[in-house]
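Structures incoming, each one as structure tokens.
Next come two complexes built around chain A: one with chain B, the other with chain C.
== the complex of A and B ==
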């Protein structure tokens, strides 16, 4: 965790304005300075006053991009799958459907597990979110929201609340009551407000903060109790479709992916974009961290899933096949990171060997697009949500 | 049937929306369809089949299609080829000549290819008036093969009620279409009729079948060219023809980058250039060793003791995890890294207990307190931050931690305007300290080794010891979590 090579943002007084804030350690003409993000931007704009034209700036940017590509290329001394040849081939998996959760009246768009490893919350185009004990198939709570297409839902770490949002441009937190007769929607509290649909949401390591991604091109961190915006993240040039929090206990980063085909890694403290990856050929529908937090995978409409390492700052694997032509909507890793489960618009789930790059298995069963796949917190099962109105548990 | 020009909108110019999500798949399918029909280049044989007294023109068997897919798309499992073929059918590119249900069968069932005029990539959104005309015209022709299926008869009845006032008009259009059709060659008509039917099977599917024209609403808005949407199959001069599709809203053209944008980009690129990165060979080794280390704990790859609850319906595995007696395998995980030890509540407890025995628990308690601070609601943060300062860093603090002067200075500066991240530096410093010093000793300690080697311990002693350290922890950090939540966390471990 402490070996992360992203820019070490320290916290302290800024060299320029003196305010205490997260600092970026940058080099100006090989001189190291520590500026807060506001002063960095001021400085960047001041450079412009030195009579630079848009064209000359673009030229500079292009030459830097080329240089960066060259430098990174030098590190690409071998392919991951080549190094992984010495890894033992996986014995064939016998993953089957173990549960089918029926109850939604329309497409299931999102699912999230509870930390207790057996409960989950799912949300649907029919405007409802349902909390299930997936083990017993028991529906424990139902929340009706005033909008259709509830595209995002998340279970709070305490297990006492869920968050959901979608076409209403909001993300609301609903405390789960033990009283079955209580109307949960009445206690619903709007936390996040975006100017376009909410595509993804997750609690940070507590019930008190919510991180959201939106069709308005931004991500945002909210204080649940007050609804206050704590930090916003700008940088995507199109809808943001997905986000995932880094798994580290002290982690302060998250990754997002969107319709601009980019996957960006952000520092939650400063709001800065730390790293950016652009190798997909179409919308990135889902991003998910590898369990160690050093890498992440993405699923895209270009029918590929890709694997990026943060330390090498590049794509290190592509998971694709001639026969897989439909877009991938969602990915998740197994507990050890050896398997990558990917849900596709061709109603299947492909299971990829992360290291070797080969497909290990296809899971058939759903009768319409798979919108989301999630491995349970202890890795014992995979849950898939689909446009066929059901969820399936695989193990 | 109006076989009009393909482009009702543009003048045959390159479509700027080529990369909208649905279009990507359509183009790939069309590539497959084109190749599969190219007999000279290894495609399937499309022929006329004799059946009783008539001939069936331009068909191919399902088995042939499946074989072609297996061979040309490197597919190993026929089930996969059948599944892919069924999807290609469901999207309307191939269809069985005697069934409304669009799936592919790996046998002698006969299939035909759809006319490019009807391809989904032409952005069809046919209206109900057209569907009414179509069903109506089918009833006018006295052919067994054109008889309406039950669901179609129901649809027709419903449309008659809905368009009661317009029905004369619809009837007239249907008659006109029938006249046009009669002018065509018999064999050609068979083919065109079937293609037309397949088109409607896609846009008005059999009840229970997937409607493949449904779109993901997040992607809809970006279809930039609403005029490209084709609404009328029969050239009906409907005033609805020029209406924008409700689903295709013009989005703003992408903003042109400004000087500030490019300058920001340059700053970003400079930062990236200065970053120290690792070679792929090195990260590959790291990824492999991480996965290798955890593979035995991965229930979807390795078997778990006694069984995976989802498979056996037996929750013993979960009960064991929740019990206060961690298994040897779980204790071994704490030895992988300090992160792993702290991730597991039982590991955290044991480490704390060890530190207490050495009278050096303030580091871990500080680390835990800062973690808790970051999880507080916004309004509680400043006071909590002050409390932490008083407990761990102020002069004469009861649990004084050892920070280097630089971090200390920084932290005390941060506290002038206390926030969730005021202690980031200090926390990182303390973590490094624990990692290099006390964690290593913990792994060598009796407390850890006893658990790892499952040595018998005195039950009375350990029970006491654990409670004490837990009590101390709760007291020193303060009432950070409600009792309910704390129990909840404990139970979920």
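== the complex of A and C ==
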């Protein structure tokens, strides 16, 4: 900033900050403005309109936020657990570990089922992604990526490819070949490019498009064939840790959650943030849609899982318990949506009754944090990935 | 101990939250009224005050949080693993034993959260103390780390040794019981902050996450303008009352949904089935057929006194030219019905109703069974406990593999190739 010497025609209180100083007489849209040079500088740099300051914008933003909460509260005429009183109580569940998948050399960070209900792909801190047959415990494919911390992996709807990404800031698609000797990594194709780690990825309804979330605060939609960026989604103010596609044939919305404690719902075609929910008290680690697509659940470091209804536009349930004090890392719904499985950093999986808000069961077995839980496509089994280097199938 | 002047970085936010929660629990456990009963423990020949048994801890947790024994054991175990409670008998094994083994609460001075992150300097002083106190007391891995530190912070080594000597001298002046307690506390602290090789690091939080605080610089006018726009848009949204969107249809059983596919009559006879079918017809813009059929049913099974007015209603809504929900009946039936309405009786609409019934059965019904609406209903339907076990594949040991989806695609492309080659 160089020293400016200018003829000060007037001296007096600045219109903006009120301090008495030499004023610059400028015109904005033929309207005379008398600001001191500092405020003129601020206005120019911050692209503020006349009368706006950072404080006034913040105040406006905060008051709108409060108004939104009030509006949401007005339509809150009944609580979910009240509606759930007439629903019958669940019979006690008997869920046990049926399979333990060993083979990763380090923490398993992510897992996804294939549509054929028996295969899954898992990725790990050791840089490998493995495709397993969960029934026979066979390892069918293995891909080695040139980075550690592969935090995201997804199975393509066709079952012929997997996508994985992580610390390399990319998400790559690997076609699954049947030739055991073929080096799958050679066919790997980089699709997504972010400026920070990739935290989550999922295919849309076909193998042709990939949706990713990243530590750079954005989500993006990519064309797999060309690697082109089709749409980007800006709005989070910190790392985005998770995303989930809405379950519908038309499939054009998704929800994302991040370190800014917000869960945002996006329109995939326009890139706009349709709805936003901010009720967690810490980072949101995972978001997952309810089977009907009208609601979603989130898991957070504040040791709670929360349930949001999209039509009511607010949080309708909080799943918490005094004895649960460790952060929840992942959630998934049962097929009917009556149960919510949540994996925690205290090595356990808690099973919550979605409607009544109570905890139905707690599953022990892992020897380190549970990083991901996924219910199989036909709802017959639950797979959990953990930092103890194993995956467990529960049924 | 030297005071740790390094500020707690924002990236440990995640750990801090669970530390705070554990600390709250610990404080509750030490509450004079509702907390645990502490007593003196005998350790060899010394008596250690304020100790408790593993069993006591578990019972207290069961009562306070209404949990089962397994969960209490797990929860208590986490408190020990994070160093808030340490064992007196086998200090190197940070495990909660549900028996008479003695445990003590860690002093807040040595809580991991108080002095995070543990400094290299403090660790060096600790190891030096151990070394001086009893030659050969250091374990293998501790010896390695000691020599590594010696190289790393060689420039302050004099300070390290001096501090170690001072602290040892001060501790000699304490009572034996206090000295043992302090040694145990310090050892527990270092077992967590510098775990031996092979023991997993409780303080491992994985990848560092960018913190909101780092973004203070970018909280500029653009950011707020964006926020304001989002909030404005959100305020304009149509919201639905909770009582409406939370009602939700109770989830039917699978058998019930399957019955709808047995015959059209089954579907219509089940109230839920009829409702679902109505939803489908609304999408197809042919819901008036079902409404008409329902209205006819009402006349057939309803009160005699209301027949005349109901038939009037039906004519107005469904049969009159330009009616709101005009149903498409063939002209012969329509003429006959319109004649009959002049003398309304219970069964005057039978022909028309039959016509519409068969129309729906032949046309809309089969399409409904193939629709996503029905398929989703089937998928969402509950399978009652009794029928489950035999269906679940993971209950049995599967030895044979199934063809990979990739294989199926490969086969098809192979065949196509062959056709192309031949053709």
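Just so it is clear, the second predicted complex is superposed on the first by the 336 of 395 C-alpha atoms of A that agree within 3 Å, B and C clash if a C-alpha of one lies under 4 Å from a C-alpha of the other, contacts with A are read in each partner's own complex, and residues count from 1 in each chain.
The definition used in the following text is that contacts are C-beta pairs under 8 Å (C-beta built on N, C-alpha and C of every residue); 3 or more make two chains touch, one makes a residue touch a chain.
In this text the structure is predicted, and so the values were computed from the model without any measurement.
Taken together in the superposed arrangement on chain A, chain B and chain C clash. When the shared chain is aligned, chain B comes close enough to touch A:339, but chain C does not.
When both complexes are overlaid on chain A, the residue A:189 reaches neither chain B nor chain C. Of the two partner chains placed by the overlay, only chain C lies in contact with A:119; chain B stays clear of it.
In the superposition on chain A, contact of A:139 is made with neither chain B nor chain C.
When chain B and chain C are set side by side, the one touching more residues of chain A is B.
By the touch criterion defined above, A:294 lies against chain B and chain C together after alignment on the C-alpha atoms of chain A.
In the overlay built on the shared chain, the residue A:160 is in contact with chain B and with chain C. When both complexes are overlaid on chain A, the residue A:176 reaches chain C alone and has no touch with chain B.
By the touch criterion defined above, A:102 reaches neither chain B nor chain C. Stretch 437-445 is the one of chain B that runs into chain C, the other listed stretches 365-373, 401-409, 419-427 or 437-445 having no clashing C-alpha atoms. Overlap of the chain B and chain C interfaces on chain A: residues 47-48, 52, 54, 57-58, 60-61, 64-65, 67-68, 71-72, 75-80, 83, 87, 98-99, 115-118, 135, 149, 151, 158-160, 167, 197, 215, 237-239, 241, 249, 259, 273, 275-276, 282-283, 291-292, 294, 301-303, 309, 311-313, 316, 321-323, 325-327, 335-338, 345-348, 362, 364, 368, 380-381, 387, 393, 395. Note for the complex: chain B touches chain A at residues 19, 21, 24-25, 28-29, 32, 69, 73-75, 77, 79-81, 83-84, 87, 210, 214, 217-219, 221-222, 254-255, 258-260, 262-288, 290-295, 297-301, 304, 308-311, 315, 317-318, 321, 337, 339, 342-343, 371, 374-379, 410, 413-414, 416-417, 421-422, 424-425, 427-428, 431-432, 435, 484-485, 488-489, 491-492. Within the complex formed with chain C, the residues of chain A that make contact are 46-48, 52, 54, 57-58, 60-61, 64-65, 67-68, 71-72, 75-80, 83, 87, 91, 98-99, 107, 114-119, 133-136, 138, 140, 149, 151, 158-160, 167, 175-178, 196-197, 215, 217, 235, 237-239, 241, 249, 259-260, 273, 275-276, 282-283, 291-292, 294, 301-303, 309, 311-313, 316, 321-323, 325-327, 335-338, 345-348, 362, 364, 368, 380-381, 387, 393, 395. If you check the complex, the residues on chain C that touch chain A are 13-14, 17-18, 21-22, 25, 61, 64-65, 67, 70-71, 74-75, 78, 200, 206-207, 209-212, 215, 218, 220-228, 230-232, 234-235, 237, 239-248, 250-251, 372, 379-382, 385, 391-395, 398-402, 404-407, 409-410.
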